[in-house]
Amino acid sequence: MAEDASPAVPDGAAPDLESLPGGVKAALEAVLMVIDEPATEAELAAALGVPAEQVRQLLHQLQAEYDGAGGASGADGAPRGFELRSIAGGWRIFSRGDFAPVVSRFVREDRTARLTQAALETLAVIAYRQPVPRARISAIRGVNVDSVVRTLLQRGLIAEAGTDPESGAVLYRTTSYFLERLGIGSISELPELAPHLPGLEHLGDLDDLAR
Amino acid sequence: MAEDASPAVPDGAAPDLESLPGGVKAALEAVLMVIDEPATEAELAAALGVPAEQVRQLLHQLQAEYDGAGGASGADGAPRGFELRSIAGGWRIFSRGDFAPVVSRFVREDRTARLTQAALETLAVIAYRQPVPRARISAIRGVNVDSVVRTLLQRGLIAEAGTDPESGAVLYRTTSYFLERLGIGSISELPELAPHLPGLEHLGDLDDLAR
Amino acid sequence: MNGPGPVADQPLEPAAQAPQALPRGKQRSFEVTLDNFSGPFDLLLGLIAKHEMDITEIALAKVTDEFISYIRRLRRDGEWALDEASEFLVMAATLLDLKAAKLLPSGEVESEEDIALLEARDLLFARLLQYKAFKGIAGLLSRQLAEEGQRYPRQVPLEPQFAALLPELVWRTSPQDFAALAAKALQPKPPAPTEVGLSHLHAPKVSVREQAGIIASRLRAAGPQTFGVLTADAEGTLVVVARFLALLELFRAAVVAFDQQSPLAELTVRWTGPESAWSAERLGEEYDNAEYDDAEYDDAEYDEVPEGH
């Protein structure tokens, strides 16, 4: 997410969007298609370097296009399989509600009913270090954990647990569903790490070194 | 994904796609909205309950629409802000490259992080010689590649691929993430080594001598 | 004699020198200045491969000396050209082998050994080209990765109503297994290496200083010797490279001299230092002092060969 919604674009990279094919509208579409949480008009305006009012107009124009208005969408004027929705003040592209049965079927047939090794290890880090911000998980694991954290959230094994008072970063914790799957009653019942880490009793001290 | 595209759908959910606005094409679009890794034509066909051949045609049709062909996209025939691409064995939606400066502000993953020359050369050797033991990479590059291999493993660009039956040495191969990052469908689409290697057809023989 | 023809007649494309992803984003290049040649090191290699310049006409020692002072200059400026340095080891070893092969009596192949040497020379050209080929490909990969990095994939969380439909998770991990996983994941990773071990190589670690000691004692005991003789017992390329670097170190310390009667003649090394009270301990300080803490140089690969313990 763009941190500051100030129109002054950081790193002076205000791209000349008008000169690109599709212009500001396509740029807006590009952002809406890949963001994983809704973006506000102010954030979008700041990133695009255009007035919020223009963003608002373009958002409604795109929304109408996707809905098949004016034959601007499919050549036959049919709606697209996706729609632009505004929830809680933010905008994002979703699959169109009409197709929920198809999407449901696709999701149900998902093969990945088992967690990957990477997901399990990340879950282990979160379980023993909770509440923990994503950046710290990444640092400990030595890799980007974005998609794995998304999977764990989706699976209900972890949840957000407020924000770090210092950095403002989102913190993650395990859920009661996790306890249930692991077959323990509470976090305090997690087996101790010490037997697996001979001579390393003070794990807290090690975190900063864990890179 | 279900291997058999048998019409007998669990809980009888074979939706009558034709009757929905936008038809099968829009339904396909809807599914593309929820995938988070490349989806194969077979998987998509199974979800939609239509032949893979039809899915293939529709995918290419969507691809052309997004690229602005035939004025079917934006009312002005301009390309959309996103594109549909076939990579790493499946199809997936991406933001259009032109808009990277804007999109990157909303995305956490830094896809522009550069690899060092040493890492690139090592990656090249692994890509063309896989599965390959570390000692052979060292021999070709003439230097120790320990830390570089570790970096590439951490970035998910390479993975271990069992051990050499003779020497017992760990073998390395490139990952599907590597294909995805390169935007290609398979290893066979890598640029040919031959033009860079005039007159040397039997390189395999050389590696062992290059020590 | 099959000659280097099939390989060397092919042009070495300067185009293969793709733009490199240099850590500092600043293009650096090692330039050599010789009596008969001045230009980038890469070009020098290209010329050799094309036979436009005879390997024996190149003062190899001078190239290396210039390279070492180049590296030293960079270090003084606070920059380390590690990629170049490690590349140089490859090139130095290859040049050295090429030179050795070229020192055969020309035209007449008399023994099987000669033939083997000539074949070795072809292989060395091939190895040089292979290395350059991968360099070229690395440039292509770099460009493609950069271009592809401009596109971001759509990967959004499933809406809750769909997430609820996911097949029930298969969970087969016991609390103990889970703790073991956690312990492994939380174990501190090895720090970014400032020095890389050679343990995985089947070759033993080779110390330049040690090799300098060997060379010094031989020269003092047996008098002037050719480089070929001095490296005749080397167990592998690594030792040859170490002896080569050791010779340059000895030369820089002004305790050896090189004699070459004519451009095609053999290179002879003779001891010019003190007959006693000389120790190799003083050599190679620039390797020992190699300090670079910039995380971008994680891929440092240089100091391992000359480092002696």
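Letters are used for the chains, namely A, B and C, taken in the order the chains are written, and counting of residues starts over at 1 for each.
Note that in this section a contact is a pair of C-beta atoms (placed from the backbone, for glycine too) under 8 Å apart; a residue touches a chain by one contact, two chains touch by 3 or more.
Labels paired with UniProt names: A, B = SMC-Scp complex subunit ScpB; C = Segregation and condensation protein A.
None of the values given here were measured: they were computed from a predicted structure.
Using mean Cα coordinates as chain centres, the one most removed from chain A (SMC-Scp complex subunit ScpB) is C. Central chain (C-alpha centroid nearest the global protein C-alpha centroid): B.
One simple way to say how far apart two chains are is to compare their mean CA positions; for chain A (SMC-Scp complex subunit ScpB) and chain C this gives 44 Å. Chain A (SMC-Scp complex subunit ScpB) and chain B (SMC-Scp complex subunit ScpB) have Cα centroids separated by 21 Å. Remark: chain B (SMC-Scp complex subunit ScpB) and chain C have CA centroids separated by 33 Å (rounded to whole angstrom). Multi-chain contact residues, meaning those touching two or more other chains, occur in chain C at positions 152-156, 158-159, 162, 192. Shared contact sites, meaning residues of chain B (SMC-Scp complex subunit ScpB) that touch two or more other chains, fall at 32-34, 36, 82, 93-96, 98, 103, 107, 109.
Chain contact summary for the complex, chain C toward chain B (SMC-Scp complex subunit ScpB): residues 6-7, 9-11, 13, 16, 20-23, 82-83, 86-87, 89-90, 93-94, 123, 126-127, 129-142, 144-156, 158-159, 162, 192-193, 196-198, 200-203, 236-237, 296-302, 304-305.
By the touch rule above, chain B (SMC-Scp complex subunit ScpB) contacts chain C in their complex via residues 32-34, 36-37, 82-83, 85, 92-98, 100, 103-104, 107, 109, 111-112, 114-121, 123-125, 127-128, 134-135, 138, 140-148, 151, 180-183, 191, 193, 196-200, 203, 206, 209-211. Chain contact summary for the complex, chain A (SMC-Scp complex subunit ScpB) toward chain B (SMC-Scp complex subunit ScpB): residues 1-2, 13, 15, 17, 20-23, 25-35, 39, 43, 47-48, 65, 68, 70-72, 74-75, 78-82, 93-96, 98-99, 101-109, 111, 142-144, 146-147, 150. Across the interface of their complex, chain A (SMC-Scp complex subunit ScpB) is touched by residues 152-159, 161-163, 165-171, 173-176, 178-189, 191-192 of chain C.
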